[in-house]
Each structure stands twice: as structure tokens, then as C-alpha cells.
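Mind looking over this structure? Questions follow.
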Amino acid sequence: MIKGLFRISPGFEDVMPAEYKELVTTGPYGREVGVSDLGTFKELIEEHPLCAGCAESLALRLILASLPNPEDTVIVGSTGCSSLAFSQVAVHNIHSLFGNQNAVATGLKRALRLRFPDKVKDVLVIAGDGATVDIGLDMVMQSWFRRELITTIMLDNEVYANTGGQESGMSPQGAVLNMAPLGKKFPKVALPEIAREAGCVYVATISPDLPRRLGKVVRRAILVAREIGPSYVQIFCPCPTNFKFRSAEVLQKIRERQKEGTFQVREYVSPEAEAYLAGLEGAKQREEQ
Amino acid sequence: MTTQQVVAPEYLFFEAERERQFMTGSEAVAEAVKRANIDMAISYPITPQSESMHLVGDLYAKGYLKEYFRGESEFAVMAAVAGAAMGGVRVFTATGGPGTLRAFEMFPTWAGARLPIVCAFLTRAVNAPLSIQPDTLEMAFMLDTGILMFHAENAQDLYDMVLKAFVVAEQTDVHIPVGVFADGFFVTHTREQVAVAPADLKLPPYNPYYAPVPVMDMENVPVRQMRDPFVMKSNFISYAAHASWQQEILAAQERARKHVRRYLGDLLDTEHAEAPVLVMAAGTAVSQSREAVAAARREGLEVGLVKLKSLRPFPREEVRVLARQARALIVPEFNRVGWLSREIKSVVEDTTKVIDGPRVFGGMTMPPELILAQIRRCYA
Amino acid sequence: MRNSKTFIRMSGLGGQGVVTAAHILGVAAVKSGLKCTVNPFFGAEKRLAPTESYVRIAAEDIWERGEVLFPNIILIFHPHVITLGKCYTMPFFAGLQQGGKIIINADRPLDLREEELARLRGLDAEVYYVPATQVAVEAGGTALSTNIAILGALLAVEELVSQEAIRDAIAERFGGGKFVASGTTAVLDDVLKSKFDRLAQLIEKNMAVVAAAGGSVSQYHFGV
Amino acid sequence: MSTKIITPVAEFAELLPQEYKDLVAHGPYNERRSVRDLGTFKEIVDEHPHCAGCGVALAIRLLAAALPSPADTLIVGTPGCSFFALVQAALNYSNTAFGNQNAVASGLKRMLQIRFPHIHKDVVVVAGDGGIADIGLDLTLHSWFRREKITTIMLDNEVYANTGGQESGMSRQGKVLNMAPQGKRFPKIPVFELAKVSGCVYGARVTVASPHRVGRAVRNAILLAREFGSTYVQIYTPCPTNMKFSPDQTLKVARKAEKDHYTHEEFMSAEAAAYLARLKAESKEMRE
Amino acid sequence: MAASEYRVLPGPEGYLPPAAASMGVELPQRGEALVEGRVVPEEEAMLRIAERLLAARNPVFFPGPTILWAWKEGAAEKARAVLGLMEAVGARAIPMPDYRPKYPMINPAVEINPNHPNLTIWHNRIDVGVFVGVHCHYANVALKIIRGGTDCYTIALCGEMGHEDAMITLRDVDVAKLERLTEVARALATARLLRVEGSGAGG
Amino acid sequence: MAGLQREVDPEYLFSGVPRRQVFITGSEAVAEAVKRANADMAIAYPITPQSESMHLVGDLFAQGYLKDYYRGENEFAVMAAVHGASLGGGRVFTATSGPGTLRAMEMFPVWAGSRQPIVCAFMCRGVSLPPSIQPENIEMAMLLDTGMLMFHAEDAQDLYDLILRAFVIAEQPDVHLPAGVFVDGFFVTHTRSAVALPPDDLKLPAYDPRRAPVPTFDMETPPIRIVRDPLLNKSNFISYSANASWHQEIVAAAERARKHIRRYMGGLLEVEDPYAKIFLAASGTAVSQSREALKVLRSEGIRAGLIKIKSVRPFPTEEIVAATAHAELIVVPEFNIGGWLAREIKAAIDNNRRVVGGPRLFGGMTMPTELIVNEVRNALDWSGAKRPDLRAGI
């Protein structure tokens, strides 16, 4: 972001709505803030229309709080619940179509690299499980094969939630959902494993149950995608509406699944990415000391 | 790579001295791209388009473009091109037939997102049955996607239209995609003489900040900006916003008329427009018609020719005026459904003047004799 | 409806250089100040599949494109086009205009059926044969120059363009990276180029083929 | 199939073209044939228009000879070089839109299961690398995720050959091809490894340099697909035309690849292995 | 082509009025402007704008992102010029800081949004509204909706090629043009004042 | 439950048996049709406003009415899988909508070209961009030339009836083409209305693949050497003309469908008050809106008739020419910006100055009766100076 992009023209300060004034004075652009600073700065996401208790909304809030450089981040989304909040997000973001997010991100990333060769522009894909693993799988994987320098985040609520609760490739085997009236016939697609085979240098599974860890994972995923290669983060976001549990039970649900072993927090870092991150994180630690 | 100098579009199109070269339509595409100051192109193979995008790849290797790659499918390519355009660069791609249909959902999306992408559609038959041969059926599907549609008669047109398409598409009051259509093989693989401007000239670069919508680069306002939002809540105001948005795309097509007139000469060309019998065609059918018209006139039959260059926007007033004084309009086409004659009938007042056909398809050549026979029947 | 235009149909088998011959002739015509369009007809076919290519040459503008349905010259690159029907334009002289010419790559006159001869006579057609492949091997050192031999025969029968123009066209075709062909044709180009040490040799040999072929053309004499 | 459909009506038997008479008399429908028997029976693939030395044509001939029951085999393909021979095959063959083969096969297999619940109808996808790994990857992987009982065979010539030699996802890194004028920027797509993590019960990577291995892999894959789910065979089929080597070098190129980047590999689930062992024991028993 | 007879007038025109461009209204050439769908010299349009604004009961400017933010060279200068014009005609500003559809509702007292501009116009009873600094696409989307559902007289001061769906549009509006418009407005205001005073003196 | 159904003649199921009225949504009407259609298989992919229909079809599968059903990975894959299933010789059903239709676009001409009697319900909605899930039928404009039969349902009753009839018409050996049953999303899919249904223990006779004009793809039907969708793409005249002839056959098959449409659907269109000088001509939900407008017009003393177009492909060209022979004004209200129906009608009749294309509503907007009435009133005072055909809106 160019300097001054976020300065109100003199004379218009008074008429600017409050939320914008807050973004200008206490927003996260150009500042070192993270998940642990939530509550001390104006967040990038404004009020949104997601259901109460929605784990995706929680994940989104955490992701947005973890962006290493929100002032130079462009997000590509896809149709589904996750996109409903995006028009309220204070970074440039693209919706486009259902499933084409990684192809759009490919073109965008390359275009921004052409136009701003001396700047890092982080291109981040945030989409649901249907968009990532079903309808958009080819484009997701090909962006990995091509080693596009983008980060792909899946908000995995294990269901097509926005269209009314249909089984997706990420639904657990046996789950009875719309369009799987006799229960899902095949296991959850092993996308983290696929991501690794397909060329991602950083792969992690996480949930909003562990906010700081999530923040770190997102940050690492974005950093490695600047230099080393594509990264993939799968965030488990159980859906109270379609799986019919109370919205207050979301985090409990995550813990139950963790206990069952059907959701695990994992991280894979390629040796090259490991070295790169160690360099960055070491430098940061030294700085702090 | 030749060092190129940026010149005004008008100079490149109308003033710079041209050299005639013997080339295929595919090469004409590349000659246009070479002078278009394009940042990026994305390709996917499909006959009869592949050669064009190979040559664009060669231009990239020589440094005329800054980025180029092969995508994984036509849908993905059209999506990636959209992403690039949203990022503020000038982009080009090409496809044809089944590729057009595979990517179909992206075309209304390009238009709705106000992206000035230029895509060459090197048309071919669509399955089933499988055929790689020329046929313009895909154009029928594209008429209501919101994109501008120019139809090239030959390699010369293809060269000119691809270049001019960028200039028309990028006007602030237009800023919607342009499809430049040319009949596969009949144009792409036919070698003929094409007059091209010097290779050391190129169009001015695209400036994304003149766009009627913000570029997605976090370098311009507003920062809270989604391309493009859900205007889909269940309430009247959001329906009205959606409707107004759609009208705006249609309005952008309307505004393109004056730019098409300026750069392409007009939306249609005429020869002997005063004749009582007119052959009205687009694309390769125009070339076949020229032969038939010339032969008919040698026989003393008074017949004229109307070449439709822009199909979107459609030259409806121009066609209506021409039809008023004509006795018969013959519409030869390279497709089974006759979409052009349907378009013409829907704008002329007396549809009985419109004579459908000849129509050939599936790769068949249209012998000028068929058109000539139709002309003779009008005088029988 | 035609006027002083030469419409040529070339029929042969995939790999014989039918498309390339059309290209060279077309370039030569343009270099001679004539108007020309060249139309290869091109499917998803491979070597030895029937292939056709079309050239239109005239002093005035030529607009129509696509197949030449009514040729006044037909070039047959392989006897199988006629003897085995390796062609989809049947019979091989379909559409030939009155007084048209046919040149066949054959060592000796092919046995044509009586009704075919009758129709050719009816058209007042001139039919020629030339051992093009043999000439190509003998004068050019490779059967890949068969197409050039056919062009040599054509010039001997009808001087559409000069030998010099053909030489320039060959030089342009094989000299630079400019030519755009379908993938397979491009590959064959490389094979052909690999048979000669340098471009000058390739041109020289091929011009020898043109000359030799011109001297090897014979006309059929079918009695009335 | 019922042998009736290749039993000519007696009155018309003489009218049939020779190749059909051969098929009726010496075709592979009634008794088991394999790659080893090539030359002793009328093959189901007739003459085809592939280039000389075409690795794809060779692989098709081998796999056609290896089908465990050609009489009940249906092949689904996709546009590309592979269809030149397959359209001549004496079994039902379909190709429609580029890349949709595994979805078509899924629907077809399920419908045949409905209509012929007591017959194994082998639905086999035979397609090129572009069709499977690029444009059709989503549909390929999803048929595996769903454990469709179909066999997918990739004829990998490492290029879009039919459209004139463009780089494909399966092309090797660095290779200069059309649409990759500066060389391919990324490695071959690891489809074989993806098959492992996407639910295939059997996978084999082979080259046309080892015909018997191709035959075994195809047979295993089809037999296992009947019982357990998706199976995958990836065959290296070098392309002399686009890779510009002499047509007589195809096997040499394949042999070299087998040592180099195309080593033979096979995986199978435990139950698949047990099943194959049982089949082997049974056939041994029968022979004894 | 014959000039369109379609008139771009304040609404409410109806449920879904057509885009003026689709009715044959064309954007002005350089040096020209559109008043109610007709091409006029720019000076004339400036005068009409000044008249409208000065006669308005509640004139409101809708400054958009490109002048609300000092994001590029010249933006703050242009903003200052707009503020000068507002002052000259006695108008206030309600900003359009972005284009996202805000649901369930915006606060119509403090902002306007292109997807549902009428909420702000109705709420504030705006009789003359001026678009400035809004990206053309979003201005056009909003202008049609306003014409459909309100009686607000719309004016578009466009940095690019203008807007057919505004009742008056200027094109290529830069600081100089804004200052010229301000002058016109001031002169007109003075003249009116004089006229009022003059008539007072006479009566 | 499913096992207790008995096969009856289509005629009996359609009109020979008493019906009972139920109050259901359009989505439920789809399921009621599929329940009685004796379909073998259905494949689903979620998209609003289609999802509910395919959920209910899934429930029918769970209850045994269908033999297979699954969720595919995207619309293109679903349409390809349905294509495969139909090759295999069974009766298949699917549904989609708006962007889904466009995502799968390439498959529709493939179905037609492969002569497959697939029935697909299209719950029409806006296509991108901007995204909208709301009703409008611009996607129909894009499908007009795919070779499919296209029927446009006015309401839930039509939707029920047309789906069942679509199977019967599509499967005629002389037709054997896919049929799209189109309906305006939400306005029909989510609207509850009275629908008359025959008993649910009856179903259509099973599909007999042996009567198809192309061999079934099952290695049980000669010839064994069969390619569905062959490559008619050799570079030669013979293969071009074969390709052309094949295309003509698709067009011809749609022509042959006319008589079956007349038989099972009672005609390609319906005309009310055939001697009126003014007509409202419409299809889909616009017909219902027009019915209301007619009442208003009549109450004002303006006599107007109604032309309801049920079959869009084949298009009732002759019927419209006949129905409008004496008409002086034909107003065509539509739910899309392109005005494809007006274009079709203008191209079909002579002196098309009589045709006024409008009102046109889109983006989810409802079409108030008043707009249609106004369109008629304005047209009656039309001076000739206006250009109504240019008008995208009212």
C-alpha cells in the first residue's frame, strides 16, 4: 500500500463515518499486531451476517488479525458462507465464481508481481471446503503444481453450508446430510496429504480453538508463500447450523473431534521452508531481545 | 526483441505506414499482440487456436510480454485472466468451440466485473459429434453474455480487430471485455496478405486507474472493496441494485458504439447499399459473399453487400435503415441455427424480406455459387 | 463465375508435404506480385492419412476461402490417391473446370477406367504424369522433396510463377523461424532440415528437383 | 456380453467383412487372452492412423490384449491422440468432452451395475496425460475419492500431442514445448502418488518397454476395480513426433525412462493383495 | 444517428427505469456536457448546476473514495476544490466511503451507498445530490436507482467521461473546472442576491 | 413403498386417473414427478435455488424409488456423469441452475448430439456477475441453440406435469433428445401452491434402451464396434458433410418432437381469446403475471388475449404466426435483460413492429401487474417517435 493511501482528505474528516476514522487511527495497517493484540486495534472485519456461533466467522477474524502485512494483502474468496463476510473486510478482496479462486489468485498474483516488482503483495485465498476440494480442486492443485506463490486457506466446516447443508468431499464418512441421504459413502478427502504431494511447502491443519497457534500458522503460511512456494492451511470450523448443535458448543465440538482423532492439529514444513522460517523467526527473536 | 516505441492508437491504426506480409490468421493474431503492449497472456491448447497462442508464447520468450503460462483448462485460464485483469494489467487469451463452452461461466463474469479483457475466439464446431472444423455456433451462445463481439472476415481484420479491441475495451465508459471472433481454419490457417504496422510501434500501456471500478492492488481507494459483492439479499433494494448493475453493462455496450465507429470505421460496412437485394453476413461468409456479389453484378444483377463487423453492440439502426429500402436480405451463415438471420429479423420491420441461408456447417465450405443461386432466385 | 483465377487442389497423403507445397507456391505467387490465398485442410490426422491443400492465385483480389470445389488445376501427390481411393474427393477430378489440368505423381500412366477417361475427355482435360518421388530421390537426395518435384512439374505445365520466385519461397520457408505450421508439420520441417548441411544446399538441391521434374513431365494421350 | 451379439445371423454371415469374420472366429471374447498371446488371435484394435513408432498406439494394443474380459469391457476416453486407435476397437468406446472421462465412467459404471447386477461390466478409462492430469484432474480425483469401481489408465506421452505438442502437467521440468517457450517451470504432476492418497486400491507405473508388465498391471487393475474400488495404471508412451526422436527409438526411449524417471512401481491395499494372491492360487489349482 | 428524444429527468420514474444509454443518450464530447439527456456546451451546464444547487432546499454532495482519501497526488487538492464549491452553494456532504452493500442497513444519516442510495436520499430528504469522486461504474449503478425511486435531482461531476443517468453531468472534471464552477456559482449567487436586494430596494 | 408402484401407460398417468390436490412448493413438485417417473438414477450438485429439489430426489433414493444417486463434484462433472449413466441405457434425472448451467455448458450440446433422452430441470436464476441467487431466465437465451428440447413451466403444476411428460417425449425413438424443463427459481421452486397429483403408486413404464435410435453402450447391443460421439473431423468434404448431416438430424429430431408435444402437452403453446387484437405473449412466471394483467386490462375495457409459450424448443413458429395473424399489438414481458423471447417472436412473425418487448425485469425483481398494463397502455399511445425495442426496462 502506498504511503498515505489511508489518509482522509483534509476537510472531510468530520463527515467520514466512525468506523473509517477508527481504521485510520487504530487500524492494523503498517503495524505489528496479531491475534494476541485483538481488542487493542480496529479489526479489518466489520459486522457480518454469519450465523451465531459460526466457527468460520471466528476463524476469519483470527486470520485477518494475523496478516503480516494487511496493507499489502489481497484476498480471493469463493462462493459460500465464507464469502458472506467479505464485503465487510477492509482489504481488497475478490469474489469471482464458485471454485475458481486459485486460478483467479494465480492471475492476480502474477499481475501484481508485474506491476509492483519491488513490493511484496500477499495473495491469500480463503474459501470453504466445497469450493476447495470439490468444484475447485483442479484449480487449487494446479496452482500448487505450478508453485504459485499464494496461500490457500480452507475453512472446513465439512458441509455445503450456504446452500443448505449438503455433503461435501470434506464431510466425515457416514454423515447423513442433504444429497447423502444414506450417509456419506467415502472418507474425508485427505487434502493435507494431497497438498504435500502436490508441491505445497507448508501445510497445516488447525482450528479456531487454538487462536494463537492459528495466528502463527497463518502468518507462517503467508511468509513462506512470499519466497518459497505455495502453502495450505486447513482450518476446522464445525457448523452448528447444519450439524445441529448449539452455537455455544463449537469449541467443545472441536475438542471432542480432537479426542476422537478425527481432527488433528498438524504442521508440515518442507526443509527449505523450515530454513526460511527459522531465518525470519530467528531474526525477529533477536530483534526482540 | 525490437525496441518498441509507444504511439497513439490513431497513429498505429491509421497513419503508420503498413507493410504487406503473407501470413496465416494465427500469425496475424501474434502480429497484433506484438504491437498491443500486453502485459500478460495465458494459454490452453485447442485446435484451431493453438498456433496463435504458441506464437504469443514466442513473443513472451522474446520479451514482448512480461508473463505467460499454460493454464489447466479453459475455465481456469479464463478465471486466471480475470484475476490478472483485476490486478490491473492488460491481458490477452484465445480459445474456440468446446473451449468457449468449457469456460462459459466466465464470460458474463468478465462483463459484470468490468474487465477489459480481449479474447480471440477462433471458432469451431462444438460436440457432439466431435469436430475441430469451422462453425460459428458458439457465437449464438455468447450473444447475451454482455461482452462486445467483433467478427473478423479474414486475417487482416483479425490483426486490426485484436489491436483495436484493446482500445475500445479500455475506454473508461466501456471497460468491458471484447471477443474478437474469427472462423477457425478459414481464417486461422489460411495464408493471405496482411498489411501490418511497423513492429517497433506499440499501443500506450493500460492505465488501471482510469477504470470505472477500483483495481485490486491495495494501492487505490477504497480499501474496503470487494470484486464483486453479493448484491443478493432477499429484498427489493438489492434486486434493484443487481438490475441496475446489469443495465450498466448493457449501457457500456451502447457507449462502445461511438468508439467502434471511431476505430473500426463503423459497426458495418456496405457496398452498393442502394441495391434492392443485399447479402448481409459476418465473418468468412462475407468473403464468400463478395465473390457471389461480384459474379452477380457481372451478370447484371443489382445486388449489394453488408458486412457486419460488430455483433455486440448490434448495428440495429443501421440494419433497419438498410432493410427499409431493400427488397430482400440474404443471410448466409456458417452454423446450423442461423443466429445472424434471427438477429436481423428481430430488428428489421418486415421479416419476410429476410432470406435464411445458405447455411453450411460441420466444416463445410460455402461455395459462392450457393449464394449466387440465392441472388438469382431473388430476380427470378 | 470465375475470372482469370487459378484454383488449385493438391491431394496427397499426410507427410508428403502437401501443405508445404501450397505454402511455397503461395509465397512465390505473392513475391511475383499476384494475389493469393492458401488454405490447408487440416484435421486431426496423422502421417499417411489423406490430406488436401488449396491455393487460389489471381491478378485481382480473391475473397473466398475454404476448399476449392471447382479447381482448374489438380495436383495428385501419390498414385494411391487414385488407385486406392486415398482421398475423400472422389473421383480425383471431381469439380475440375472445363479445360483443366491434372498432374499425377506416377512413374507411368495409371490405368484409368474407361468412364473416367470419357469424362476427362468431356472436360477437355489435360492430364500429365511425373515420377516426382523418383525425381526427388535422384535429384534431391530425399523423398521428402516430392512436393517440390510436383511444383516443378506444375511450372513446366503452367508457368504460374517463375523458378526464381520458387527459390525465394523455399529459402524463406526453410531459412527462418517465421513459418507457422501445425505441430506435426513443424516436426517434419526439422527432419528435412536435418538432411542438409546448410540452407544453401537445401535450396540448391530443391531447385535441382524443380528443374529435373520439369523435364520429366509427360502428357497422357487418350484417344478420342 | 452375451455371445449372441457377435454371432452373425446365419443368412448374413457371408456378407460380413473379413475383419468381422475374424473377430467372430478368432476374437478374444470367448477365451482368455493376454499380451503373451499377441499374434495368435484377432485383436480388438484394428488398423489405426497413429504416427509410426507411436507409444500410445503400442500401449493401446497391449492393454486391449490384457483386458480380462473384453466381452464385457467398455472404454471411456477423451479427445487426444489415444482416440485414434480406440475408435477402431471392437468394443464399446466413448469420448465426449475433453477431460470429463472419469465422470462419464462413474455414471456409466453405476448404470451398468443397476442394469446388469450379476455381470461384471468393466468400465475402463483410457486417456492421455492432458485429459487426466490437467483439464480432468478434479473429475479424476473425485472418482477416486468416491471409490468408483473403475480403472483409470493414463497413456502418458508427456505432451499435448494431438493439438501439436504443447507442454502438459505431465511434461518434464525444463522441457521446451509449445506454450512453454522457456521450458516447463514445474515438475511432472505426481498423479501416481496422488492416486495413493486419493483412495485408489491399486496403482502401477509402467512403460511400454515392458509389455508383460503393462499387461499384468492392466489386468490386476481391472480385476481389483470390480471388487474394491478405483485403480490406476500410468503407462509411459513416448511420442516420437513431438519429442522428435526417430520412430524406431520408441522402445529405447521407454527403456531408458524406466531406469531413469519412470521406474516401475506398484502399490495395492492389503485386501487387494490378498485377493490377487487368492486368484493366483486358484488359477494355479485349476492348472494343476 | 439521430439524437435521442429520451429525457433524463428527476423521478420517481418507476420500478426499473432503463439506462439512459440504452435509450440512445450518448455521453458528451470534450468541452460539452449533458443536461437532462441533451448535449450542451460545458459553460451552459455549469450555469444550470449552479442554478439547481442554489435553488435547492437541501443540496448534498456525495464525495466518493477518490477524493475522500488523500491517496494520490492531487486528491487532497481536488477535495479542497469540492469543499470550496460546497461552500459557495451552501451544500453539505454525506460521504460514499466505499461500495460494499451494507446489510441489514447503513446509517443513512451519515453515509450513502451505491447499492441502496435511496435510503440516504429519503432519510435526509435530499432534493439535489452531487456525485463526485465516485468510480464511474458505481455512480452509474446508483444514479439509475435514484432516478427510479426518488425525485432527487442528480448531478455528476466526473473526472472521466460523464454519466448519462445524471440529470446534469460534466466530464473531465479537475481542480480548474471545479474552481470555474465555483466561480459561476458565486457569480450567480451574487447576481441573485443583487436581484433580491435590487428588487427590495425598488419595492 | 417404492416396490408397490405399478407401471401404467403414460396417457393413463397423465389424464386417465383422478388427481388429488396438494399444497406444495415447486421443489416438492419436482420430487413428485420424479417419484412417478420410474427413473433409475439421479446425480446432484448443490446450488440455490435448485438444492431442495435434489435433496428430495435424494430422499426418494433412500426410500427406494431410484436405484442410484450421489453428489458429484461440480456441475460439469454431474452433467458428464449423467451423460455416462444415460449411455449405459437407463433413465436419468438431474437439475441445476444459473451459474451451474453455465459451468456445465459444454455438456448440453453433447447430450443432444449423442441423442440422449436426459431430463434436466433448470431452476433459472441470475448468472454472475455480480452474483445473484435470484430469479431471472437469461440462461435460457444461452441454451436456445444447444439442440435440447426446452419446456418452460409457468408454475408448480406445470413443473410436475412437464417433467413427467419430458421423459415420455424425450424418449420417443424418433426424438431421443435431452429435454430441459425450465422454471423461474424462487417464483416457482420456493412458492407453495395447489398442485393436482395422481396416486403415487403409479409410475411410467421403464425406459427401453433397445428402442433408441443409437446403440446402447453396454456390450450387449450390436454392433460392438461403436463409438458414441465419433470423430467426424477428418479434413475432407465427406466428413464435413457427415457432421453437417448429423447436426441436421438433431434439428430434425426436435422437429419430430412437435407431434409428441402436441399429444402429451396439448400443444406447444396455449392461446386465450384467439380473436383479440392485443396479445400478451410470455413463458414461465411471466405468464402468471400476464394473467393478472389481463384482468386489469379487461376491467378497463381493453380486450387482450394471452399466448402462453410452453415449448421454447422446438419453437412454435407456425402456431405464433397463426395466433397473431390478426393481432395489432403483441407485448412480451420477460424476466431477463436480453429479451430473448421477444427476439424469437420478432424473428418468427412478419411485420414485427407489432411486437413490444417489455416489461423486462431481472436481478430478482418481481414483475408487478401494473408494469405490463402500462406497457400495453403506452404502446397503444405509441407515436412512432419512441424506440420501444431499445428499452431494457419498462
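Chains here go by letter, A, B, C, D, E and F, matching the order in which they are written, and residues are numbered from 1 within each.
Quick note on the criterion: a residue touches a chain if its C-beta (ideal position, glycine included) is under 8 Å from a C-beta of that chain, and two chains touch if they have at least 3 such contacts.
Computed from a predicted model, the values in this text were never measured in an experiment.
Looking at the partners of subunit C and subunit D together, the chains they share are B, F.
Ranked by separation of Cα centres from subunit C, the top chain is E. Distance from each chain's C-alpha mean to the overall C-alpha mean is smallest for B. Chain centres here are Cα means. That of subunit A falls 40 Å from that of subunit E.
The mean-CA centres of subunit B and subunit C are about 35 angstrom from one another, to the nearest whole unit. The geometric centre of subunit E is 46 Å away from that of subunit F, both derived from CA atoms.
Under the contact definition stated at the top, the residues of subunit F that touch 2 or more other chains are 70, 73-74, 76, 99, 103, 106, 110, 114, 128-129, 131, 228-231, 233, 235, 237, 239, 361, 365, 392-393.
Among all residues of subunit B, those that touch two or more other chains are 47, 50-51, 54, 69, 72-73, 75, 98, 102, 105, 109, 113, 127-128, 130, 132-133, 214, 220-221, 223-226, 228-231, 238, 240-241, 243-245, 247, 250, 365.
The multi-chain contact residues of subunit D, meaning those touching 2 or more other chains, are 95-97, 134-135, 137-139, 142, 146, 162-164, 169, 178, 185.
Contact residues on subunit B toward subunit E in their complex (touch as defined above): 114, 171-173, 175, 209-214, 220-226, 229-231, 233, 237-238, 240-241, 243-245, 247-248, 250-252, 254-255, 258, 317.
Residue ranges on subunit E touching subunit F, taken from their complex, read 5, 14-19, 22-24. The touching residues of subunit F, when paired with subunit C in their complex, are 231, 233-239. Residues of subunit F touching subunit B in their complex: 76, 99, 102-103, 105-106, 109-110, 112-114, 126-134, 138, 141-142, 144-146, 228-233, 235, 237, 239-248, 250-251, 336-338, 340, 342-344, 346-353, 361-366, 389, 392-393.
Against subunit D, the residues of subunit A that register as touching in their complex are 134-138, 141-142, 145-147, 169, 185-187, 189-190, 193-194, 197-199.
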